[in-house]
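See the structures that follow.
Two complexes come next, and they have one chain in common, subunit A, joined by subunit B in the first and subunit C in the second.
Our next item is the complex of A and B:
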């Protein structure tokens, strides 16, 4: 479904991505693991054409080359990004934030229906639908950010460190939610530092270091790879 | 005397508020202060004057057509002048708007000359007696028109898809882009709206201060003062700030002297920027990411 071929990205003189090859097949949950500054967010920014970097290489989505498309066209094609740090609209209400996710859609009834299903997925947001997003807790904000992305009915959902800054219990909740979303037919590319949690819900994983893919395999393979375990799972914690 | 002063203060404040709204509209969408806002309004008021005196169109019709043309002028200006430099540093755009000020100012002087003209008012000038106070219907009319424009803006921003998207974009531009909002279109719409609202301001103020090529300079200064009082990023804040300026100016003129009207506005700008740069009504300064 998604294919990055020899993807490069530069910010001025800094090479953030140095030839990344990555694929995500329809129906999969794929995670991209790596430390801070490894190029994870840049990759998602490149895919959604929302990073202020110079991009090289080829990105294909559903067989179509989308390199150089506008963010608007990419969202329309069916890719949605849950950005790092949620990036909600702080002074809009929960409902307005969710509706913004459906900005490009014109099917009013279906939007209302999807809004309802978001409230079923996140019952806590229903109670808070008229509340300003800035007043929500971190976990609730992450739910709004995910719900907002889902409101565009994406075929591919990109998540940038959804576990960042959340309590362990909430992290598990978000991870199981990713499974639920995937089970409903959305393909997921998950970017995480929290490698252990991410691999638990993923089919496959990639490891990125200094803008290069340095490891790839099924979740089970990566979980049993001693090098990965040492570098990203904090030793033998399984 | 008190009631009269309050009403004429609110009328003056309404005029400033319309221009203040136009300034804040563009600033919220683009981080640019459009210094040419007043001159564009002046230019369109001259166009309206031509429609009244030479085309002999009825005044109410002019009040509808001129703001639409003002919106179109601003839209074209955005497309031709501002859009090509929109990816550059904001200070470039700022300097370009100062250039636009001069262009509109000189073009108006060149076409229509440098003499003041009497501009007809939509409302009768003779004061009417309302519960003992002699109130000018013109003041009440100005307040009513301004309120109608504000109500229109409120409905647009609160209840329409495009209006909500414009608010969202002013809060978090990148997130709005990720929703598929076209940021350049937001800038275009903001200029268009501001052009229309600014023209209404020109049409309302011209009957009070006469129509000439410099008529908007002091109005722009007051609109700035009011918008800065309101924090420069809030539409309601700009309205309240400008109303306060209008009332303060009228009271100062009524009880002390009219000699310092413009100095007073400038003093407000300096004091607010020194002691309360985020405006009188800001709860917390929201840091832009």
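Our next item is the complex of A and C:
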């Protein structure tokens, strides 16, 4: 479904991505693991054309080359990004935030239907649909951010560190929601620092370091790879 | 009906005042009223640019000049009717607005302010040097406004014409605010990242905002040219751009009443502050600082502010 071939990105003189090859097949949950500054967010920014970097290489989505497309066109094509740090519209209500996700759609009835299914997916948001987004807790904000991205009816959902700043219990809740969303037919590319949690819900994973893919494999392989365990899972896990 | 009136009493009262006032004042009073209406269009244009879109400009004197000279030249050189001239003034300004929007796509804040400032200085300089067209230092005489063959010799009739234009453009602004584009602009202002990943095309919307704002200011400049009857490039200085911005801040960004109050302030302040002679600019600056410190919402927020103060006391 998504294919990045020899993808490069540079900010001025800094090389953020140095030839990344990565694929995501339809129906998969794929995670991209890496430390701060490894190039994870830049990769998502490059795919959605929302990073202010100079991009090289080829990005294909459903067989079509989308390199250099505008963000608008990419969203229209069926890719939605849940940006790092949630990035809600702070002064708008939960419902308005969700509706903003459907900005490019004109099918009123279907939007109303999708809004309803968001409230089914995130029951807690239903109670808070009229509440101002800035006053929500971190976990609720993350749910709104994910819901907003889903409101564009994406075929591929990109998540940038959804666990950031959340309590462990909430992280687990968000991760299991990702599985639910995937089960309903949305392909997911998940970027995470929380490698252990991410691998629990993923089919496959990539490890990125200094803008290069340094490891790849099924979730089970990565979880049992001693090098990965040492570098990203805090040594031997029990 | 009564409910509608209770909800909309402010615009209704303002409109009534606008209709009655020209009859109550002398000739000079009508000139003042006309000036207020001219400035209120600039105020409205900054409401769109700053209030809705979250952009900044300290170069609006440039658009104002383009509107003024655009209209004056189309009327004097090509013999176009006055209203066509005004429209041309607005369109010329809007086209340059698209150009000024380009730096806004790359830089924000102080840097954008400097870019817009550079634009205004450029416009002023070109108009000054282009003597064969604009008269350069000699200036340019502009005929009185004329509609359907009738010359509006006094400001009394001109005020009514302007009132129609101001009401029309305010109505247009409100429609714009509620439109898809208007909402997209406000979303971009709230969170650029979020708006962009929702599929809002930032570049297109910023350009629209600049063009629309420039259009309003161009119309205002054109109306001003025919009101004053004489154009000199000294009118369109950096100080003019700054006083526009001051007007918008003191009136209150993002509300129509604020836009009008700002225009009233800009028109009346020279009358009131004249006593201070050379210290006038000091008084202006001080007013601006005090306003930002104690009344960040501008004059439009004064009733709200007083109410909250009274509530705190009880």
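What we mean here is this: the second predicted complex is superposed on the first by the 237 of 238 C-alpha atoms of A that agree within 3 Å, B and C clash if a C-alpha of one lies under 4 Å from a C-alpha of the other, contacts with A are read in each partner's own complex, and residues count from 1 in each chain.
Quick note on the criterion: a residue touches a chain if its C-beta (ideal position, glycine included) is under 8 Å from a C-beta of that chain, and two chains touch if they have at least 3 such contacts.
Keep in mind the model is a prediction, meaning the values are calculated, not measured.
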Partners on subunit A (subunit B, subunit C) - clash or fit: clash
Partner chain in contact with A:183 - subunit B first, subunit C second, else both or neither: neither
Which superposed partner A:220 touches (first subunit B, second subunit C, both, neither): neither
Location of subunit B clashes with subunit C - one stretch out of 1-9, 127-135 or 181-189: 181-189
Set of subunit A residues, in rising order, touched by both subunit B and subunit C: 48, 50, 70-72, 75-76, 80-81, 83, 87-92, 100-101, 103-104, 148, 152
Sites on subunit C touched by subunit A in the complex: 184, 187, 190-191, 193-201
Sites on subunit A touched by subunit B in the complex: 48, 50, 70-72, 75-76, 80-81, 83, 85, 87-92, 96, 99-101, 103-104, 148, 152
Residues of subunit A that touch subunit C when the two form their complex: 48, 50, 70-72, 75-76, 80-81, 83, 87-92, 100-101, 103-104, 148-149, 152
Subunit A partner contacts - residues on subunit B that touch it in the complex: 161, 164-165, 167-168, 171-172, 174-182, 286, 289
